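Dropping the structures in below, format is structure tokens.
Both complexes below contain subunit A, partnered by subunit B and then by subunit C.
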Partner chain A sequence: MATTSSRAPAATLALHVEKHVHYITTLDTAKDTLSYHLSEHLRINGVYWGLTALHLLGHPEALPRDETISFVTSCLQPCGGFSSAPGHDAHLLSTVSAVQILATIDALDTIDTTLVAKWVAGLQQEDGVFAGDEWGETDTRFLYGALNCLSLLGKMELIDVEKAVEYVLRCWNTDGGFGMAPGAESHSGQIFTCVGALTIAGRLGEIDGEMLGDWLAERQLANGGLNGRPEKLEDVCYSWWVLSSLAMIGRLGWIDKEGLVGFILGCQDEKKGGISDRPNDEVDVFHTVFGLAGLSLLGYEGLQEVDPVYCMPRSVTKRVLGN
Partner chain B sequence: MDNHGVSRSDYAQSRTEEQKEKDRKKLEQYLALVSETNSKRSENDFSISSLELTSKVLKMNPEYYTMWNYRRQILLKTHLLSFDPSALEDLDAVVEATAAHHGAVIKALKEEQEFTLPLLLVFPKCYWLWNHRLWTLEQASVILSSDYAARFWKKELELVGMMLTRDARNFHGWMYRRILIREVEKLEKGSRAKGELEYTLKVVMGVGGMKNYSAWHQRSVLIPRLLNEENRDGQQRMDALEDELELIQKAITTDPDDQSLWFYHRFLVLERGEGAIAPKMPRSARLGMMEQQIEELKELLESHPEQRYILKALVLYVPALQALRKEPPSPDDEDEDDEEEEVDEAEENKQILEWLETLQRVDPMRKGRYIDLAKRIREA
Partner chain C sequence: MAFSHQNYQYLTTLLSNLKNPIDITILPDDYAAILWEPPHLGIPKRNLLFAFKVAHSLFFSDAPANVKFNASTILILTVSEHPTAINFRRRYLLGVVGSGGGISDAVSGGENTPSDAERLLSEGMQSMNLLEVSPETELNLTTSFLTSQMAKHNKSPLIWNWRKWLLEKFTGLKLGGNAATTTTGAAAVEDWVQSRVDEAEESEATAKNMSRLKDELKIVRCSGSLHRGNYYAWSYARDLVRSQPCILLSPSREVQFDLQLTYCRTNPSDCGGWSFLSFMSLHCHDDDFREGIITQLLRHAEFLPNNVSSRGNRRERAGEAFWLCVRDIIVGMEDRDKAKEMKQRTWGKVMDGLVKEDQRLEKCIWTPWLSGRALWKEKTMEMTQKRIQARVEETEGEKAVGWLERFWERTQRAEGGELGGGWESRESRESGEKWEGGKGGKR
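After this line comes the complex of A and B, so read on.
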């Protein structure tokens, strides 16, 4: 585990835009490495992370649109769900990424959106939550994912939104946070999914932002980074889950923004580009997009505005959702 | 693609020529194995030899969810295939075949758990692994009689206990434990809340356990549940609350810097909904409890005048106490007619604002939060 470095002053660090663009656009050239193949189950998610990062960096053209469409559509399975890569099984997590990618590059017309939406809707369970696939694992991550992609597809009417909201509220804890299932402890990742789901359903008013905001603000540690749960280490991805949740409940001002900007910038690999979980750790595209999205939400100059609910460019969600 | 806690220098060092050669060989082996398994999969080959292929792939890459799916398909069509003895005429043959099938299912499920155990020890945060173990247990419930199924679920409790000893904060482990308990309770037709509550106490009293937010959370869920199950009356609930307050007070006095303790303390002092330990506590008793807690915190503040968690608790509890004073007495309040002492709220507010000033200074990161609170106090 990396040691926590002291807080880096934001003013002395810069965002290495060109390096990050280069890092992301060359990710796919590492095909001769084991780690590339071991992560095939995340391929389509990786495209979503990379594409979103490039859009936020102001380089939407850096990934060829045609190739992106052809990769995504090659992952569409006959059932209507998308797999992580050709030859894998359909899963909700890959389907959400597929829909987000196509929405971002304005290519939803290349797929049968009704077929996809019906498959997603069919994963809703009796109690309102969603399964990840036909094997039945349930989690608030999947519930959020379903609402995310169905709203982008304009097909929310296919599911029982009321039941989904009821389920989310059952995951609400007395400390203000949310867990992955009713009774489970509060966790930043799950808070993001539950607050995001409530926001998409237009039901955020049902929760007390005061206690939740307090819990979230307590995630910030002395070096400016945020952790996912009490007594845990800070991490760039958790910084995003917490920050976006604070944004959704209108309490971004409850943490030290400058401190967090400094922390994220300090996680950049200045030589080869990319952002890591903590300073001096190995970078990856997952932490790169969430680092950039965090900076965007914090108003960092030169980045495109991000939508905290979808982690997509705000210009895209405005175009697709019409608000 | 998703690195957590891998240091840049470790990563760079691992790229030596020797390592690269090793990686190349491993990659070749992996790709050949995946290709062989996928060709069997595309032919809908659900044989035991394909099951063994999935074992090899999953040992190298437990995140390969499609392989877990394929593995489950094979298991359902082989070892776990449902057995229909109705075609057998001879009753003795039915008995024999049923027993043999039962034995084979038990063996297969046991082997499945043995296969995933070493993987779980290496990849304790892999969702697919926990998920597959759970699926295996669910098959036990579907196929076996409840006493045999219960043995599988209970044995799994030992495993999760061990996993939580290795990492007492693994939220997969805690989640999994709740699922196991729920199923064991169903199979045994009885509550295990009491035993689980004792378990959380053991965890928090253990080395470093006071910092265990997961265990405190679990306590906050279990105590109200147990009290409901045992049909406890108001007084018993208040006693339970007092015991918990005593436990947490001791912990806070020992280490006021521990955030986990304060979330639990806040739950005990402020929670009044259905999830509270004593939700119907009469107003007078609640006033007394809150006043006492606030007094104890003020005392603690004297020895730790800039401790932010103490200050934070006070700036939240005192306004809550003020709001409670304004509520009408509960019907079951014994001292309904007693004159309550006059309180100088303006004086209290002045003190809250002073605490908030200190908080802004000692905890500048959350300054915005304290400014918002101060604004509300001033506007009240």
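After this line comes the complex of A and C, so read on.
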């Protein structure tokens, strides 16, 4: 779908806030078009990404609250899970996004949180991991997702947290990283989910922060960008997965912050707004939110503080979690 | 509209009832029409999108189940991560095969109960155009997606999991992955011995499963070669090995290691391939064999600095995945004296081949000296030095603990491990308080 970008290169290292706000708020206007249908399978995730980005940019009111609530509640299925869009099947990833959206706009009271929490809790498997839906795919992404949304709903008592923690610890590899399952290859995204899950469960002390910090710090390349695994290309979304993991284990200083800021800013589209995976590629809302979240973690001036565990505004998680 | 329907009909005809996998490529719009030279299918992007429009409107309508089934093919072909379309096909197949029931009725709310399956079957039978849907045709379709050049399909977690579901449901292979299995030590050896006992009791089923397993590994390697760092392909490969651990016993072990070494040498910057090689080594429970693998690898190391990845711009990290694999194989050795000896040999090889650097690297706890650091640019070295400095300052003088010893320490699960430091919100930084991590919701 992406064609060669003909936009101007980033002339200055500045964050083009208004352009990004415009890019995000005009994303949803073309309903019932081909591009709308093509992204239906992750529509609700897209709303979470866009909403979070707007909050970090300091424009929390830019998406109409009532319409957002209306869309999210239209995705609630009778079983208690949310789908990515009306007419699609329920899935844990959509449910997490739904709960995060409603928490952000302070509208969790518009849904039956017990029903939703019970559906999520029902996805926990015997060994502690979670499935994404009734069809049984398991992954530490889903384990993290379940802990994320159940903690926001205040319903952690519905699951076996101990078993979930044990499962995560079994995913710890000899190189210091974590994978999607015990024995799986270490991967920055999976590390984020495992470290995030342990943080939510209050069990971060069980892992070796130095070895993990080494593995994560090795993700930075000479151009300042971060990759996800050895010999992979740099990608803005890893500014989030890697950086938030380093933040959670208290080792944010182990990467070259200036280099990373420069890399992320170089991935902006100055004309259109939005951020891409690497310079001169096509932008999308996924990379936009993670680029902004990375900048926020790095203390970039003018951005709202982000919570590294939830990838939500810190003000929101403080309000919802009470700490 | 007629053009859209023509494309839709043509594609659904070609992709239905696959007796064998086909090779699917998405072509640029310079191509005027869909090209079909069995088994090669080339689809211009524009034609695919026209077909998608029709498929979308049919799938989300009240059309009969067999029509929706065809529509789901085009949805998945266009958008690889489409759980709703894949789930529909699972329900349809269960209805046709008649095995009824899903994995977790308690969660599904009865969406895949036998009565639903019967309804789907009867709706399907109503059409004149009976689909010959079977587990085999579905496997052929997933093979086609997973071994295509379509970058999102060949690495799709949903499609790999769909394939795993098909195998588990219809071929008797159990790929669930034993989450309780430890990867090293006495417990792992016990598992291996038990698996030999189990295998002896079911030798006929084993032979069939082994043959299937080898075919599946071929698919993984094919998919891996088309998509560097194909995470879900190599995760699937781990599930395969765990389902039949005797594949890592002689004589199949030698064959599989040869195949994997060849794969890795052909795709030298593929971290997924190297990581799977170290996984196989971990599960073969034979230190002499592991030593043989390392010896082969160290011979190969001489060619590494000249390797340029397929992207052409990774010289700065050439060999990183290779060296991490060597390290992980050594770390996984059960005989600690042998492991120390292998570490010395490896370090010697590294120092032979590379420019001498700051000797403090030898004394550091962390391991990246194995990653060909001398090839990196200065900026990276600067960052590395900063980090070494931070580490040294943090740990009250240099700890002369090597990475092998550190790993062993960790596997003994020393109690009361202190992490030291956590994320601080701006507020708590200002107030001097430390945030200890989330404790769950308070609602």
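The rule is short, and it goes like this: the second predicted complex is superposed on the first by the 305 of 323 C-alpha atoms of A that agree within 3 Å, B and C clash if a C-alpha of one lies under 4 Å from a C-alpha of the other, contacts with A are read in each partner's own complex, and residues count from 1 in each chain.
To be clear about the criterion, contacts are C-beta pairs under 8 Å (C-beta built on N, C-alpha and C of every residue); 3 or more make two chains touch, one makes a residue touch a chain.
Everything numeric here is computed off the predicted structure, so don't read it as measured data.
Partners subunit B and subunit C, brought together by superposition on subunit A, clash.
In the superposed model, A:E137 makes contact with both subunit B and subunit C. Of the two partner chains, both subunit B and subunit C are touched by A:G183. Touch criterion met: A:D235 reaches subunit B, while subunit C stays clear of it. Contacts of A:G46 after superposition: subunit B is touched, whereas subunit C is not reached. Of the two partner chains, subunit B is the only one touched by A:D32; subunit C is not. Applying the stated contact rule after C-alpha superposition, one finds that A:Q220 touches each of subunit B and subunit C.
Put subunit B and subunit C next to each other and count what each touches on subunit A; the higher total goes to C. In the overlay built on the shared chain, the residue A:D284 is in contact with subunit B alone; subunit C does not reach it.
In the overlay built on the shared chain, the residue A:S276 is in contact with subunit B alone; subunit C does not reach it. In the superposed model, A:N323 lies in contact with subunit C only, and not with subunit B.
In the superposition on chain A, the residues of subunit A touched by subunit B in one structure and by subunit C in the other are 1, 34, 37-38, 41-42, 83, 87-89, 91, 133, 135-137, 174-175, 179-181, 183-187, 214, 217-218, 220, 229-232, 251, 253-256, 259.
By the touch criterion given at the top, residues 1, 34, 37-38, 41-42, 77-79, 83, 87-89, 91, 108, 113, 119, 122-123, 127-129, 131-137, 139, 150-156, 167, 170, 174-175, 179-187, 199-200, 202, 204-211, 214, 217-218, 220-222, 229-233, 247-251, 253-256, 259, 305, 307-310, 314, 317-318, 320-323 of subunit A touch subunit C in their complex. Those residues of subunit A lying in contact with subunit B across their complex are 1-2, 32-35, 37-42, 45-46, 83-84, 87-89, 91, 133, 135-137, 173-175, 179-181, 183-187, 213-215, 217-218, 220, 224, 229-232, 235, 251, 253-256, 259, 269, 276-278, 280-287. Contact residues of subunit C toward subunit A in the complex are 45, 49, 52-53, 56, 60, 78-79, 81-84, 87, 90, 102-109, 111-112, 157-158, 161, 165, 177, 179-183, 228-229, 231, 234-235, 238, 242, 269-272, 275-276, 279, 282, 309, 311, 314, 316-318, 320-321, 324, 327-328, 331-332, 365-368, 371, 376-377, 379-380, 382-383, 386-387, 390-391, 406-407, 410, 417-426, 435-443. Contact residues of subunit B toward subunit A in the complex are 1-11, 23-24, 26-27, 30-31, 34, 38, 60-61, 63-66, 69, 72, 127, 131, 134-135, 169, 171, 174-175, 178, 211-214, 217-218, 220-221, 258-260, 263, 266-267, 271, 273, 275-276, 364-369, 372.
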